[in-house]
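Below is one structure; the comments refer to it alone.
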Amino acid sequence: MIRVTVWNENIHDKEDGVRAVYPLGLHGTIAEFLGKLEGVQVRTATLDQPDCGLPESVLEETDVLIWWGHVAHDRVPDELAQRIVERVNRGMGFIGLHSAHMSKPLRKLLGTSCTLRWRDGEFERLWCTAPGHPIAQGLPPAFTLEQEEMYGEFFDIPQPETVVFTGWFRGGEVFRSGCCWTCGYGRVFYFQPGHETNGSFHNPYVQQIIGNAVRWAAPTARRNGLDCLFAQKSAEELTAQGEEVPAF
Amino acid sequence: MIRVTVWNENIHDKEDGVRAVYPLGLHGTIAEFLGKLEGVQVRTATLDQPDCGLPESVLEETDVLIWWGHVAHDRVPDELAQRIVERVNRGMGFIGLHSAHMSKPLRKLLGTSCTLRWRDGEFERLWCTAPGHPIAQGLPPAFTLEQEEMYGEFFDIPQPETVVFTGWFRGGEVFRSGCCWTCGYGRVFYFQPGHETNGSFHNPYVQQIIGNAVRWAAPTARRNGLDCLFAQKSAEELTAQGEEVPAF
Amino acid sequence: MIRVTVWNENIHDKEDGVRAVYPLGLHGTIAEFLGKLEGVQVRTATLDQPDCGLPESVLEETDVLIWWGHVAHDRVPDELAQRIVERVNRGMGFIGLHSAHMSKPLRKLLGTSCTLRWRDGEFERLWCTAPGHPIAQGLPPAFTLEQEEMYGEFFDIPQPETVVFTGWFRGGEVFRSGCCWTCGYGRVFYFQPGHETNGSFHNPYVQQIIGNAVRWAAPTARRNGLDCLFAQKSAEELTAQGEEVPAF
Amino acid sequence: MIRVTVWNENIHDKEDGVRAVYPLGLHGTIAEFLGKLEGVQVRTATLDQPDCGLPESVLEETDVLIWWGHVAHDRVPDELAQRIVERVNRGMGFIGLHSAHMSKPLRKLLGTSCTLRWRDGEFERLWCTAPGHPIAQGLPPAFTLEQEEMYGEFFDIPQPETVVFTGWFRGGEVFRSGCCWTCGYGRVFYFQPGHETNGSFHNPYVQQIIGNAVRWAAPTARRNGLDCLFAQKSAEELTAQGEEVPAF
């Protein structure tokens, strides 16, 4: 069972224009379609909850954290962002959606500004540039979104390990729209579509991608801490004494 | 001309045991051998100087920043570490040496804990695992260091773009001892040897590697800021009007 | 169900020394432990069979091809090696074991000589250098093999996407012992242990790794051909006409 | 001094339409602008010359081989293609231009079909997706080509180490237009523009890119052979005896 927590700052969601598109809120919509997947168990968390919805007890029970934020990045405490980063370094998966590119957790994970070129209301076609990747499973060579926010290069990120999707915008721009990284034990995926007024989370291909990403990002190993280990005995000494090299 | 700043916390350097090995200080020794390279201009900076030796004016004139720190990582202000990260994102090269793995700038750049397994006083043999890489230029297949601090896996870093050197320790451990990343516009190299009492910076191969890394990390492009750009006019509109897409 | 074909040149397997270690043959042993995995279905194929054991009908029903060869690489027809490469480009997984580094399929897939430094009868300790990777699932930080053939750097391969395991040899060498690549739609894993007289395929960690690799390499997408596609209608025209961009 | 050989199949170059665009031939034009670079020495070679213009003596004196071919890929002997691959594995740089995606040397180097989606006569805008990379030095965020052959995804290549340029086509497609790989000791760059009737090699940005690529691909190390090395003495024995680990 993969335990997913969908986090949303839940602010735009109260505007009429957004409520019309996402009556359940962005988090509610995402949780709804993920909740239908076999072997996936979903909860939501929002900024307006105690501890921003992410007390240690929730993070402790989260395998993959999905993040949507836009206007309130600054209201997420640095300390919470740092705890999320450490959770990822220890194995938790992280999926940043759309304007989460400027969120504290993603920027701390990637170590870059994550800035980009942008403009509202563009026609986008997403091309699959890594069709054999697990996140591309079941996707066609390309699919279109009638209206999305244009995010264009240069996207200030470290070299992704894989660019699964590349966005083409009718206005003339391109974007690395689906990017993968390994950050310690954890896997991180960033996906560009998902502007609050554009309804992309109702798109079946977008839903398929996020579902695939959840399975891909689910941890296959965890570590408890993030400290250095003083290896008093060398590996050779341990082996000679029939002991295992300790994990840390 | 590549302008290098060698930063050192300059604390161990005042201990007798270290002074015996590095009478010029670690920074002085590194600056000395780099200063002999054609087209390279070197200055040093230390934690005990005003602004930790790195006021904006110095960073502004630095193409590649070399970092050695160990016991005083915490005395480097977060704000300075963040300014260094942003400089790297904007193009400056960064070379972290040895115990700089736990330094604030490197950890912020990489987004991981950079923790590892360690033990003092080991025999190390460094194997070149990317002999065609510019940082390996002039190096033999392997070279040895009689005494170095063992740093062993798992090294909690994001997947390096290239592992140029892999360390073998007689005690039984291995380490990704020379690692490359691109962090925005800037290039980052981490190199494991360089314990304060072991004299590795006098080793000609180590000197060759650091010199090569300086040339490799020297910026080939810079950006002024790190903001997002609102692209009011699309690229297609700009092209139609004979204008260039703006940089940002 | 993942359909695995374990291919072996099946020559050493007839020598007394090898038969003592692998009474079922290398292929039989590998097939035996893989066959116990849930959702995995295994068959074997050997060089001495018609069509080298790999007629189109077998390849057609293979999701992951495992390869062990040593003294008879040249007896594998170029044309068969090329068909395997194309199968991988079209989605089939490929796992090369030990001396398969010099096999025709692997060398054609990687485009390099795959040469290395070697010596028999060494003590090896394998360190996990990517513990969060699916192939490392369930593995400890390090494990040992009392006797293995030393394969040492420089290993002439393209930059691996991930080095999951790094080998330490008591004689002083290191090796990228578990390497991953994406080759078109298909995933490729190379794993260094597995000398015919050393019994490594009886080691539970080695078995775990190969089982993990099978799951990792199993295709998540396939393509039928490998031809270029003349896109008479542009993607924009297709979209305007309500048509999908064709796969190819 | 970087010694460049510009190879061209030199067939289209005799057609009137192409001669009008490239009176010197494609090879002549490329050689002309590269020949103006400081520290670069250029010669040309064509398919119609003895040994296809590439006898061992020419390859021996080549640091970077540039390749343009289209209709006569099959006339390049397999044996020559293999020798080029081995030269690259041993350190020589290789730059494949435009329709060289289907050339024997590039396909053998990459191990994939290098197939793609295509259409003539498109407007292309190339975005720089790795502005800090040496091959992007001096380039703007984007530049346009009024007429180029559309090459669109999926491009069947192994994961590039860096995608320096991403192409946007007005017809709706995207392409990884400038890709880097390390293939053994050698560096490989593929660049998509350069259709024989479109004049892109007269574009100053295209010229800048190819010039940059030449400097980037120039070898920093070479090896003489590509054989395995039997390491009779272990590295530890060699060190104990004051000997160096042999290169191979």
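In order of appearance the chains are A, B, C and D, and numbering begins at 1 in each one.
In this section, a contact is a pair of C-beta atoms (placed from the backbone, for glycine too) under 8 Å apart; a residue touches a chain by one contact, two chains touch by 3 or more.
Keep in mind it's a predicted model, so treat the numbers as computed, not measured.
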Pair of chains joined by more contacts [C-beta pairs], B-C or A-B: A-B
Centre-of-Cα separation between chain D and chain B, whole angstrom: 31
Cα-centroid distance, chain A relative to chain B, in whole angstrom: 29
Centre-of-Cα separation between chain C and chain B, whole angstrom: 36
Chain D residues counted as touching two or more neighbouring chains: 125, 130-131, 141, 152, 154, 159, 161-162, 168, 170, 172-173, 182, 184, 235-236, 239, 248
Arrangement of touching chains [line / ring / star / complete / other]: complete
Interfacial residue positions of chain D with respect to chain A in the complex: 125, 127-131, 141, 152-155, 159, 161-163, 166-168, 172-174, 176
Of chain B, residues touching chain D in the complex: 91, 125, 130-134, 136-138, 140-142, 144, 161-162, 168, 170, 182, 184-187, 219-221, 223, 235-236, 239, 244-248
Chain D partner contacts - residues on chain C that touch it in the complex: 85-86, 89, 102, 108-113, 115-119, 122, 150, 152, 154, 156-159, 161, 169-173, 181-184, 226-232, 234-239, 248
